[in-house]
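Read from first to last, the chains carry the letters A, B, C and D; within each, the first residue is number 1.
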Amino acid sequence: MRIAFIGLGNMGAPMARNLVKAGHSLNVFDLNTTVLAEFKELGCTLSASPREAAQSGELVITMLPAATHVRSVYLNEDGVLAGIRAGTPAVDCSTIDPQTAQLISTEAAKQGVALADAPVSGGTGGAAAGTLTFMVGATDDLFGQLQPVLAQMGRNIVHCGAVGTGQIAKICNNLLLGISMIGVSEAMALGNALGIDTKVLAGVINSSTGRCWSSDTYNPWPGIIETAPASRGYTGGFGAELMLKDLGLATEAARQAHQPVILGAVAQQLYQAMSLRGEGGKDFSAIVEGYLKQE
Amino acid sequence: MRIAFIGLGNMGAPMARNLVKAGHSLNVFDLNTTVLAEFKELGCTLSASPREAAQSGELVITMLPAATHVRSVYLNEDGVLAGIRAGTPAVDCSTIDPQTAQLISTEAAKQGVALADAPVSGGTGGAAAGTLTFMVGATDDLFGQLQPVLAQMGRNIVHCGAVGTGQIAKICNNLLLGISMIGVSEAMALGNALGIDTKVLAGVINSSTGRCWSSDTYNPWPGIIETAPASRGYTGGFGAELMLKDLGLATEAARQAHQPVILGAVAQQLYQAMSLRGEGGKDFSAIVEGYLKQE
Amino acid sequence: MRIAFIGLGNMGAPMARNLVKAGHSLNVFDLNTTVLAEFKELGCTLSASPREAAQSGELVITMLPAATHVRSVYLNEDGVLAGIRAGTPAVDCSTIDPQTAQLISTEAAKQGVALADAPVSGGTGGAAAGTLTFMVGATDDLFGQLQPVLAQMGRNIVHCGAVGTGQIAKICNNLLLGISMIGVSEAMALGNALGIDTKVLAGVINSSTGRCWSSDTYNPWPGIIETAPASRGYTGGFGAELMLKDLGLATEAARQAHQPVILGAVAQQLYQAMSLRGEGGKDFSAIVEGYLKQE
Amino acid sequence: MRIAFIGLGNMGAPMARNLVKAGHSLNVFDLNTTVLAEFKELGCTLSASPREAAQSGELVITMLPAATHVRSVYLNEDGVLAGIRAGTPAVDCSTIDPQTAQLISTEAAKQGVALADAPVSGGTGGAAAGTLTFMVGATDDLFGQLQPVLAQMGRNIVHCGAVGTGQIAKICNNLLLGISMIGVSEAMALGNALGIDTKVLAGVINSSTGRCWSSDTYNPWPGIIETAPASRGYTGGFGAELMLKDLGLATEAARQAHQPVILGAVAQQLYQAMSLRGEGGKDFSAIVEGYLKQE
């Protein structure tokens, strides 16, 4: 299939590579000429604009940093909607607010284009390994069309409902994740301060009612889980700045929906304080360091 | 074995029944004459005081509501330490602060008595079914002696370290549990307000990084988990007042250890507000009701 | 002076009336025909659009609900900037985010128009009485031009710095106000629960280090301050929804500036929860009701 | 008058000196021999125990660090109640929990002794200058007896109600103070980050609805108020550890009264985190430093 792929950043590039491996022909667009050169080597067609990339595509995939980029890549004069043919499906894999996802979809529909939102989880590692989870907001028909292609970039392709629900699922999950990680950090730091062995404590939690992904898979205390960022100096993983971005999306969506998210708002501020201390580049589990006595 | 069992409340009574079933002879003490009559029927010896119960016991087990009761049951003139023979092991299954556990243990040691703390999780259901988890703070020797008897009342007998660490493990786990349940409540309520199907959302969370016991086993949203209190009007389960008690122990222990627990403190206040609204008798997962629009 | 006045809502109408009283000729614009009819009676000229109002104005004043309205009133085809003559000063009295204020000012400057932001405090009462406080972001020259006219609508005209600083001053003050009011509510409710007479407690606070406007002028406990909304069923005053709007502006500005505002974020969520309970139409001091036992 | 004065610490010593200056004869007790030597020089009688000090006193005054000291100084074998004559008034100026104040009063009453609680505000500066505020919990009769003597150590002697209400007034005021100081810190730091001059911002706040003692008298931003600790490196003043103690009393009293104090609990945790960072010895207004970008 000829696929227009727009956005070849840390996530987009490995995703696009998996599509090349799967045998697709790609029209690619990005502002970074280094990565473009690499995709030329792989046999992809370089496009001069999102519009040009979309013109000959049988499917359009976008993977961009934030809503402002999504808006301009789709809606500008040189954008996707200026080039795409009616009937061609499109899917935006960026993590953005649900309202923008719905707005772009509405604009696309005016030209006979069905657009899905499909934000991912799994990080750059999952993108490279082709094991991402896609949370897809789309009609049943569109989901059916997209599923086989998304499955070439990910392992778990979940249909969440109408357009926008992919974004909703992601921000709700990450709201909970941001809270849980701080909860585990407080529990581990308190146990340590009170004198229990932290491995024993993690063992109790992981076989009891405190059990969660932030404890049993990604524990923020060094040495508990060998594969977690905490055991390698909080490098790799999911950066605190990305968590901040997602909590910002969640609390802003909550504000617009007149829905309180009390712990979520406190969590956002605690990651913000971590960022202010200059620690925003670390994995988000380094939030635990704010709970430790400084020597 | 002849066992002195003191405290036959909602938890203690079913635990003691399991010991009777296992063939032990019990000296029992409680202030509630109704429950005493029942244990007389079962062939137990009624004692006039904790001291009298302890005198002929080969093991002393206590299960009491709070630290103040533990202190008087052990230290009063008519208390356990006034009757127990040197060399007899004792175990307190109450949930109290670690300092009191250590204090009672120190007093017991003066009389040649080794005392363990062994708070439980699993609720009244687990007590009846004999499937409790015991978090045990004790020397290796004492743990070895207690393990077989505790195993007649529970399924998971965890040695957490020296005396007091059982309490520490429990309050750290429940601190995290209290936070996680609110985190799940905020995520589910936000998703619902934004328009995603709550079953779909729970499915995404439970197969992703938000996964936790409060979501996959005890989800606060009605109809997600058929066996959870949320699906039967928030009855049964673990009452909000009990969660409040445990969060009070956790934040007080944190205060004494000069350890911040920011989300934990907010969680405590939110359950307190729930209690003020007259909802403290419900299962703690009813905290989600504070996040729903009132009709 | 001929003044174009756009936005005759609860705040704008009484402000405009004071300008009429002061002898100015007004071109007015609003979407509400009832209020237009009233201003016609007062001898004002009704304009068909912001553009038309601006065309013959020697000064343009706008007072609108939110940034989206400010953007369209100034930038639309029929907007102020399409009609205003170069050299005519303009002042926006709406409460909006500082970025939008700066953006509109930049657009205005392209046409030789100096624009100030001048959000107010004092409420509808202050607007009617002409006792508003104006927090003005403007160059020194522009401030000098505006000051005499603003003084006909208010008592305290503060020059805060360059354009945008009026909005900054207002959202920082209201962030603190939103927090203080909850602080006073918690202190009064706790004192009441512990058994001190609330008038005595307010007296202690007001002559001590807890002293603040939320306690000595606008105390949320009924009967403490006779002129406060608390003493008349939380009617009149500054609605909780307006406080929510301002806290939303503050936390969003903080997010963009990477600045934590921890208590501010919790305060926002608590007013949001009050709104969810259906109490958002009350004065914001009714936040205290969430701290009282419900009968 | 012959006065027994027990507790000659940072607060007690200057208070006792003011009584000596006023012409009273003092029996003094403390564990610190250096300070005792100084009071001997002043002509005071050194007592071997609180009991001995109380025996010949016509009035007993105590000023101690915490409830545990108050309990032992009054109730021990060598304590005040073992020596005091029936009919002699007593007043405890320590800051402790209201329950302990009431308990000691009840014990005193059994011996015909009327006891008041009278915690102070004003710090060591106010103690030296004789300008303390006393918040007195006492019967009308006892208040009448104590007022003239307290007025020799302070300027503002407030009768708050029955015994215990002095403590209640103090912890409620300081709960609010702890919150307000963080509120001012967040407002000032946000304004600074957004680009307004901090002196201008403080001026707006202090003439508007954000006005409070923490802003207009003790502003945490350096250089705003010349006499505030912020303008001298956060030295002197009211240490963060003392604020932590008072917030601990407030949240514990709230817990026992089943009363939520949400912002109060967060404030306690934020000062706790400041203490963990090793900053607990600074004035409590240094909480603002946690909101500043670290170089």
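Here is the rule we go by: a residue touches a chain if its C-beta (ideal position, glycine included) is under 8 Å from a C-beta of that chain, and two chains touch if they have at least 3 such contacts.
The shown structure was predicted, so the numbers you read here are calculated from the model rather than taken from an experiment.
Enquirer: Spell out the chains that contact chain C while also contacting chain D.
Expert: A, B
Enquirer: Using the touch definition up top, find the fewest steps from chain A to chain C.
Expert: 1
Enquirer: Where centres are the averaged C-alpha coordinates, which chain has the largest centre distance to chain A?
Expert: D
Enquirer: Please work out which of A-B and B-C is bridged by more C-beta pairs in contact, and write that pair.
Expert: A-B
Enquirer: Could you give the separation in Å between the centres of chain A and chain B, each centre being the mean of its C-alpha atoms?
Expert: 39
Enquirer: With chain centres taken as the means of their Cα atoms, state the distance from chain B to chain C in Å.
Expert: Distance between chain centres: 52 Å.
Enquirer: Counting only residues that touch at least 2 other chains, which ones in chain C make the list?
Expert: Residue numbers touching two or more other chains: 254, 258-262, 266, 270, 273, 276, 291.
Enquirer: Considering the complex alone, what residue numbers of chain A touch chain B?
Expert: Chain A residues touching chain B: 98, 121, 133, 135, 156, 158, 160-162, 164-165, 168-169, 171-177, 179-180, 182-184, 186-191, 193-197, 200-201, 203-205, 207-215, 218, 250, 253-254, 257-264, 266-267, 270, 291.
Enquirer: Could you list, by residue number, the parts of chain B that touch chain C in their complex?
Expert: Contact set of chain B toward chain C: 266, 273, 276-278, 290-294.
Enquirer: Can you name the residues of chain A that touch chain C in the complex?
Expert: 248, 251-252, 254-255, 258-262, 265-266, 268-270, 272-273, 275-276
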